[in-house]
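Would you mind keeping the following structure in view while I ask a few things?
By written order: A, B, C and D. Residues from 1 in each chain.
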Amino acid sequence: MGIRGYAGEELLRILSRHPDAELTALSSRVEERVHISCLFPWTTGIVDLYCEDYTTERISNLADIVFLALPHKVSMEIAPQILRYKKKIIDLSADFRLKDLTQYEKYYEKHKSPELVKKAVYGLPEIYKEQIAKAEFIANPGCYPTGVLLGLAPAIKNKLLDTNRNIIIDSKSGVTGAGRNLKEEFLFSEVNENFRAYKVNSHQHIPEIEQELSYLAGSSVSVVFVPHLIPMNRGILSTIYIPLKKDVDAFTLRSLYREFYKNKPFVRIREVPNYPKTSDVSETNFCDISISFDHAKNLAIVITVIDNLVKGAAGQAIQNMNIMFGLDEKKGLL
Amino acid sequence: MGIRGYAGEELLRILSRHPDAELTALSSRVEERVHISCLFPWTTGIVDLYCEDYTTERISNLADIVFLALPHKVSMEIAPQILRYKKKIIDLSADFRLKDLTQYEKYYEKHKSPELVKKAVYGLPEIYKEQIAKAEFIANPGCYPTGVLLGLAPAIKNKLLDTNRNIIIDSKSGVTGAGRNLKEEFLFSEVNENFRAYKVNSHQHIPEIEQELSYLAGSSVSVVFVPHLIPMNRGILSTIYIPLKKDVDAFTLRSLYREFYKNKPFVRIREVPNYPKTSDVSETNFCDISISFDHAKNLAIVITVIDNLVKGAAGQAIQNMNIMFGLDEKKGLL
Amino acid sequence: MGIRGYAGEELLRILSRHPDAELTALSSRVEERVHISCLFPWTTGIVDLYCEDYTTERISNLADIVFLALPHKVSMEIAPQILRYKKKIIDLSADFRLKDLTQYEKYYEKHKSPELVKKAVYGLPEIYKEQIAKAEFIANPGCYPTGVLLGLAPAIKNKLLDTNRNIIIDSKSGVTGAGRNLKEEFLFSEVNENFRAYKVNSHQHIPEIEQELSYLAGSSVSVVFVPHLIPMNRGILSTIYIPLKKDVDAFTLRSLYREFYKNKPFVRIREVPNYPKTSDVSETNFCDISISFDHAKNLAIVITVIDNLVKGAAGQAIQNMNIMFGLDEKKGLL
Amino acid sequence: MGIRGYAGEELLRILSRHPDAELTALSSRVEERVHISCLFPWTTGIVDLYCEDYTTERISNLADIVFLALPHKVSMEIAPQILRYKKKIIDLSADFRLKDLTQYEKYYEKHKSPELVKKAVYGLPEIYKEQIAKAEFIANPGCYPTGVLLGLAPAIKNKLLDTNRNIIIDSKSGVTGAGRNLKEEFLFSEVNENFRAYKVNSHQHIPEIEQELSYLAGSSVSVVFVPHLIPMNRGILSTIYIPLKKDVDAFTLRSLYREFYKNKPFVRIREVPNYPKTSDVSETNFCDISISFDHAKNLAIVITVIDNLVKGAAGQAIQNMNIMFGLDEKKGLL
């Protein structure tokens, strides 16, 4: 549901090539039933389905799993209806990611399905694979949090952090991250040949990052987070400055990262100075990570890149789907 | 008036540097009076004026000349009011360019000031400089017609055309040509890494091109015109295929072009194969032209480039203003 | 062989996902054996091969088919050596496309394997599928000719052309078409925010286009061809102006195009005014075509789009490979 | 001298419009004398000079001031020769910026004019205007240091820094910053739709930044600095994370910044959340600055933008020239 946004379109692209998935119904708020090739000409000869404004009942009858690529605040109305029909859900919106509803309400509005929030499993497979395998309902992570959490998890989990200094996360995203959003600021001529920061240290993904880091740390973790807009379509690069305890050295740190990700097929540790570029992961489900080290300052500089529409949205959703149905998590994603 | 569009903003940029012009009033449909630096941060410290939704009476009292950078169909309501106050006007819209109102009405709607259409001088200074010098009311040419007409005028005027074959004009424009237009098709992620044709042989600039070519030829001229959208901000390149009479050779043709433009400071004839690039004229009022020749086919291939916001809009308007006030036409434009 | 160019890299990308092909050897003029992930970080975890400067003997022992993504003029030295080992070849260079060696020598240099030129089958499957199925040696079409020929073939084959007027081909290409070519003119800051024509009516692809059109027509066909450079990575859009005989109407023309391509899975006819955009075919092997019609001038305006690295190079090569090995031609390409 | 690089070309662009400057000689390592319009077509009709490989003697006879836009390591050979002829110099290279030659030699090579290093005045007019007014020889600041120093100077000078935590500078630059450098990594198709970090915490501008911050602080200051490459031509945005002493509040901090820059015409303090965009200063000599504040963490997040070719190179050089010759520092720059 919500096929017309960039995440919905990307789900369509990946699922149309997935050997073990069959697309059965495409839903969007269209005025009348329309062939998908009219909305997306690239699907001609690839996907032969009509797009309709399905009721949750009809869509639940047509599918084993429903992807919600809906705007935030809409998912929380739709999800409970589908769960009632005993269908699996992967929700790509932010509606069920935050366990602390006061945080949700601070950035969005009053939550309409508070009882369901606890049921939703946070779908970051590199950390929650076991829970995902048993879940009926996945809250798919945000694009920024995905790259940021994968860059911080090994350091936080291993308690390497110097808590007297700040974790500083400087992220840069391509423009599809803003969605198909009709605002003047996202017109081509406004974005092209331009670079800017936005929502400086006040972005709605901050509580999601802090929630997950706090779980990993076993204690409250707070971050500084500044997102920026890059004049390109796809890709997020996060430069993460991690203050470390005195006794941590580069070799130990890199070994811990390699260990943490050794059976995670979509995380690749890169050798410095072969820093990851966003193009290295473009249209893939990979997250590439490099770890630099400032010995004099006991500081790690971790760089992570993802494709915001794939590992940051649709690809990760399908990785979760694979895990939920007992398939190889790489299926349809390589 | 109409300062918020790209043409209005470019007028502001050029006029703020013009040694003999003083900006006195900025008008736009703002809800309330707002300092121009709030709309365009780049003007901070450069232009110290407020933008208001002025009445035509107030604006006429404040200025000797009024630039109308309004949407098509609005200008034809505003222009007669300002002329009543005996103020000069340069209208950047399409409302007063077409002398044949049936053509206007085919592409736009019923004209509201038909009697004024005859009064407006078509503001292409390379052809109509004398008339512009005496005019009170200028219809500033469209962006595509400017580059196209400058590429065709010498050949048409000198009657070199083989009228059994077609004049084919293949134009490509940067995205500011579409204005600050909130449509999905102009979002960054839709335009970037994409190239497309639009309004194939049906663009509203066709009658403007044909009107002016017919005046030059002294007989009816018809063209094939296909515009395309380039993923960049500024610039139009037109590739014009001109079928020639049998006895025209390359040397004669190039000489006629040089002769035609010899006292025109903003037209530069380029030597083949040093074809003009849009970047050669970016943020300038120049039109650069190259003339290639296919001897076997008696065909000229003329390439012209302009900056659509400068020579294709605001710069040409200021060139016209200079001429209307007896200033050097280059003033403020080099 | 020649894995380091853009076409070689794209072959690698597509073959690594092809269910019935196995990559066995990667060759390039590297100084020493190097893992492919050092050249292309995106291949990490996807392709586990080393790249070497293989001899033709070793490479022939390792593979059933060899792709040559070598610079023009190098292929004609390498191809005969591999054919001696009875291995199939798909050559992506221009070396074996032109049957008329005087044309080849006009744009390149004296041919070193003239006897082999006749043996090579021109690998445009929409026209030569039967010959490709039996071929050992394919000359893969150039990027511009692919889109241009597919746009012209039905009209030419059906003898609809008014031969008193010119076929005018105005093509626009993304920058990967220039290859990984270290020239100042291809630096980012030179290309970005810029648009230009080049090799106006003198591009080396003209004889290739004219050769194939002449075969289709059964008589000599000549064209006007002007290529342009778009500030984007991938995609070619060709706007083709086809003068038609008097009695051809739009309905007949479109029907003939649909008929011509009815069993060709990679050609999609688009309905006007839903003109094809390069993004509709990006990273796919499709060629999308629209047909506009100027009744008054008996002129068709055909627009075709391809991805220059896929249908214009590596994808078409793999389509040819599929046909040569009796596989479904779509295999690995959807 | 060194007119062919991006900084040289930008000097030409600005000086050709400067009311009180006359261009008298253009030098570059050309094989033979060539008109500047052959190198830069945009100069046709604007600059009528030939470019030659001048000796320092000839150039010194032709000019009152010589701009050196030469590669690093070349300036240090040329500068002493010109000074011998008693001509003023503004050197845009890095050769005379670092007072500590061990730092210079760490990033470049052994210095060839060590005695001259002390003579050169660091040309950041917002800090050294008085010294510049009396100088004969200016070391024009680097592009990154310009934006970074202007963002840090008021905080450092007023001793607001918490020295137990790190100053973290995350900078992003357009590609002209790399110069007209023929490397594969700067080809259009490599940079476009891509974003990457480079020289992570090891860039040659670090000692320049630390030298100037240490002067301002009166004690040694060290920074973390990570530069990134944006797929666009012009502009640098630096996001600077400044740890503050406990008692500093937002109001005080912003007041100090306003005070520091109150008579500096090219620095504009912006109101949060109206963060500066690179397009706000594109093709201008401005540096726009916003100051955000994280109260809980006693951290300021300062964002600065400049045009790397103007305030980061040619524009600042001309601002310095104006000051050296007793002109208004804004002359030719608004």
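Operating definition for what follows: contacts are C-beta pairs under 8 Å (C-beta built on N, C-alpha and C of every residue); 3 or more make two chains touch, one makes a residue touch a chain.
As the structure is a prediction and not an experimental result, all values here were calculated from the model.
*Asks:* Identify, among B-C, B-D or A-D, the interface equivalent of A-C, where equivalent means over half of the contact pairs coincide by residue number.
*Replies:* Most of the A-C contacts reappear at B-D.
*Asks:* Using the stated contact rule, I'd like to know whether B-D or A-B comes out ahead in C-beta pair count.
*Replies:* Of B-D and A-B, it is A-B that has more C-beta pairs in contact.
*Asks:* I'd like the Å distance between the centres of chain B and chain C, where a centre is the mean of that chain's Cα atoms.
*Replies:* Between these chains, centre-to-centre, one finds 38 Å.
*Asks:* When the C-alpha atoms of chain A and chain B are each averaged to a single point, how far apart are the two points in Å?
*Replies:* The answer is 46 Å.
*Asks:* In whole angstrom, how far does the Cα centroid of chain B sit from the Cα centroid of chain D?
*Replies:* Each chain reduced to its C-alpha mean, chain B and chain D end up 37 Å apart.
*Asks:* Counting only residues that touch at least two other chains, what does the list for chain C look like?
*Replies:* 174, 190, 192-193, 231-233, 276-277, 279, 282
*Asks:* Within their complex, state which residues of chain D touch chain A.
*Replies:* On the chain D side, the touching residues are 164-166, 168, 170, 172, 174, 190, 192-201, 222, 224, 226, 228, 230-235, 237, 239, 241, 243, 272-273, 275-279, 282, 290, 292, 294, 296-297, 299, 301, 303.
*Asks:* What residues on chain B touch chain A, complex-wise?
*Replies:* 6, 174-176, 180-184, 186-193, 231-233
*Asks:* In their complex, what parts of chain C are in touch with chain A?
*Replies:* 17, 41-42, 44-46, 192-193, 265, 268, 270, 274, 276-277, 279-284, 286, 288, 334
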